[in-house]
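Here the chain labels run A, B and C in written order, and each chain numbers its own residues starting at 1.
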């Protein structure tokens, strides 16, 4: 059955999810590569958790306006707004105070998520608030994905990928040596903001498939795995995208073979397996290769 | 039940539990912040899930001790895996943390889904937000219940557990203070003095992990993460000295716990809203707001001008 | 190499055939040297000669791949408390909430132990050590607020507070102005007058003869070792620096002969 799944033979919904996950994985891998190169790997965690208050607020607003509270575009808009606000808060905290970036990330992550949780309890108390739609954004829920939703996701992933490719070289230069890039006239701050915007977009797109808690995994793991295969920036970004796409595709395919296999966690675990293989077996930079090289060297000469 | 009994049983006890959890996490959080390991709470919160689920699967029921052991075991595994990735795999520390905790959390969710049987199931939401509001002391009739052994036996177990955890953390901090300060500020100097720098770091990590694990059941992971980061970070912006920084941290942690709890319980009433809000969530929000204020007006908020 | 009678003068520090390095190739090889008590020795050599590596090996920050280190006749592990190390630039978190006076108090660690209370007398002594390096006014500043040279003086004060018998300094005069340099030299000579032993990696050949009484010329391997009068020669410097001697140091070497 797994081969059917990998061959996209398990039906309409499964195919939608699998292709959507592959697209998401590619966009996340590429964006994550830029983040990791710039040493901002865990920013994706803050962004992911910061979507929750926006989701809940969007639901409440739409319900108050008499609309369907679970309409995906509205929810995505709300999620993007609060995620962008969270990213902005991380930036302000890290730049204007003496706090290191990891503290800023942790603070925004927990405070925004806490606000989201509070709003979630408001939603749950509403008579119309069967917030199953919202809670599914925590870990993703791909059962019964609509064609519109899949197309939205695919389109978003496509846009993100194009933007990343267009800005790629600027991003690599400013990641490697920001001081030099700034002196050479590159708008380093603007480029950082662009990468952050891409991360927000990837997060929002990924809500339905892998959920906000796990999206950071797709931003980090493929890029970290790609490190073992490539030492040139351009290649690293490409390999990260490929690993992300593969993880999305294979993970989604596996999860469609049985009911109790949630897509998000399985995609993440497949990506992790890819990372483990890369860390151990990559030529030159993998652990096995390094151990073999060390063992093959002559022992240090004894002092005469 | 008298008004005093209601206050004691429905407000004071859960608020106390929340406050103890806040303090138990904020104290190690001070050193985690200084060592640039502020996201350890985040990592541990996610990584413990598979441990809890495994304990549940092995024992077949939701019981505290096995789940605490499972969580502790998972936390230790996570810490060791992260160290392995950093040292042997040469992975950057932030990425290493992210990889390990997301993979473990994903594994936990998967196990959870596969084990959803016989109507007893663990709730991911509960793991995230805890159930502080429900940790009440029903047997409280009034202040006299404090001296009544029969009534005292109905105290929620989380109270004793958190008191123990907070006391253990305070004791460890007092004993290891100077060694921690030297090893954190200048690891090279500490090594030349003969201090076991790596062991000190690992000890701090494990102590933080155990505080987090003890607190999870009561307050959920979101509060744990908030308490590891927000009060110490806010305190850092208030003073240039370590001793006062600890004082501010404790003050902010207690303030966030009390104010957050009160707001979660009473703000809806004041606003005419039917249900209470999540106490853990509100405490996290308040601690973030305190940090936000400190970032705007704290006397020590600016980077040192070299 | 060395002088007659070297082995009969008690050596504060003795290196026997030390090799050490990072990764594949050793940075220093077969370094054999003795540093007698009450002397002040300069370690000089071109870039990449392994001078910092040697110091780090002596203080135990780097494990030697071969050879032995003896501090006052005992292995390093048993004699740690008798040495103090001032690195070229302390690798600390400059943002740490710690004041200058607290940094110096760390030097009193051996007296305070893990649990001892910091009393007024400890603070007074720390202030005295700060005064020795001219930094007493900065006692209450956060360490990150100082300039690089000021920070170096604070870490020197911390080393003084340790009350060690053997001081190892890595480029103590790098990046400090002339006035600070004179102040630091005065402090070091005072230590020597008290009978303590000093070993410093030094970058300025022109001042070797003026500041130090002994020298170890190093370029991965020892090139010359002994009193400045005997060992600090044109020939030895030429051998170590490969004939690329700056003119000034040639003059200084001549002056020492």
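The rule we apply is simple: a residue touches a chain if its C-beta (ideal position, glycine included) is under 8 Å from a C-beta of that chain, and two chains touch if they have at least 3 such contacts.
Here the structure is a predicted model, which means the values were calculated and not measured.
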Chain whose mean Cα position lies farthest from subunit A: C
Centre-most chain, if every chain is reduced to its averaged C-alpha atoms: B
Length of the line joining the C-alpha centres of subunit A and subunit B, rounded to whole Å: 26
Subunit A-subunit C separation of Cα centroids, rounded to whole Å: 50
Centre-of-Cα separation between subunit C and subunit B, whole angstrom: 45
Of all residues in subunit B, the ones touching two or more other chains: 236, 300, 303-304
Residue numbers of subunit A (touch at least two other chains): 98, 100
Subunit C residues counted as touching two or more neighbouring chains: 95
Residue ranges of subunit B touching subunit A (in the complex, touch as defined): 33, 36-39, 41-42, 46, 85, 88-89, 91-92, 94-95, 97-99, 102-103, 105-107, 109-110, 113-114, 116, 124-125, 128-129, 222-223, 225-226, 228-230, 233, 236-237, 264, 273-278, 280-285, 287-289, 291-292, 295, 298, 300-304
Of all residues in subunit B, those that touch subunit C in their complex: 34, 175-176, 178-179, 181-182, 184-189, 191-194, 236, 239-242, 245, 300, 303-306
Residues of subunit A touching subunit B in the complex: 36, 39, 41-42, 44-45, 92-93, 96-100, 102-103, 105-118, 120-122, 124-125, 135, 138-139, 213-214, 216-217, 220-221, 223-224, 227, 260-262, 264-266, 268-269, 272, 275, 279, 287
Contacting residues of subunit C [partner subunit B, same complex]: 59-61, 80, 83, 85, 87, 90-99, 102-103, 106, 109-110, 112, 114-115, 142, 144-145, 147, 158
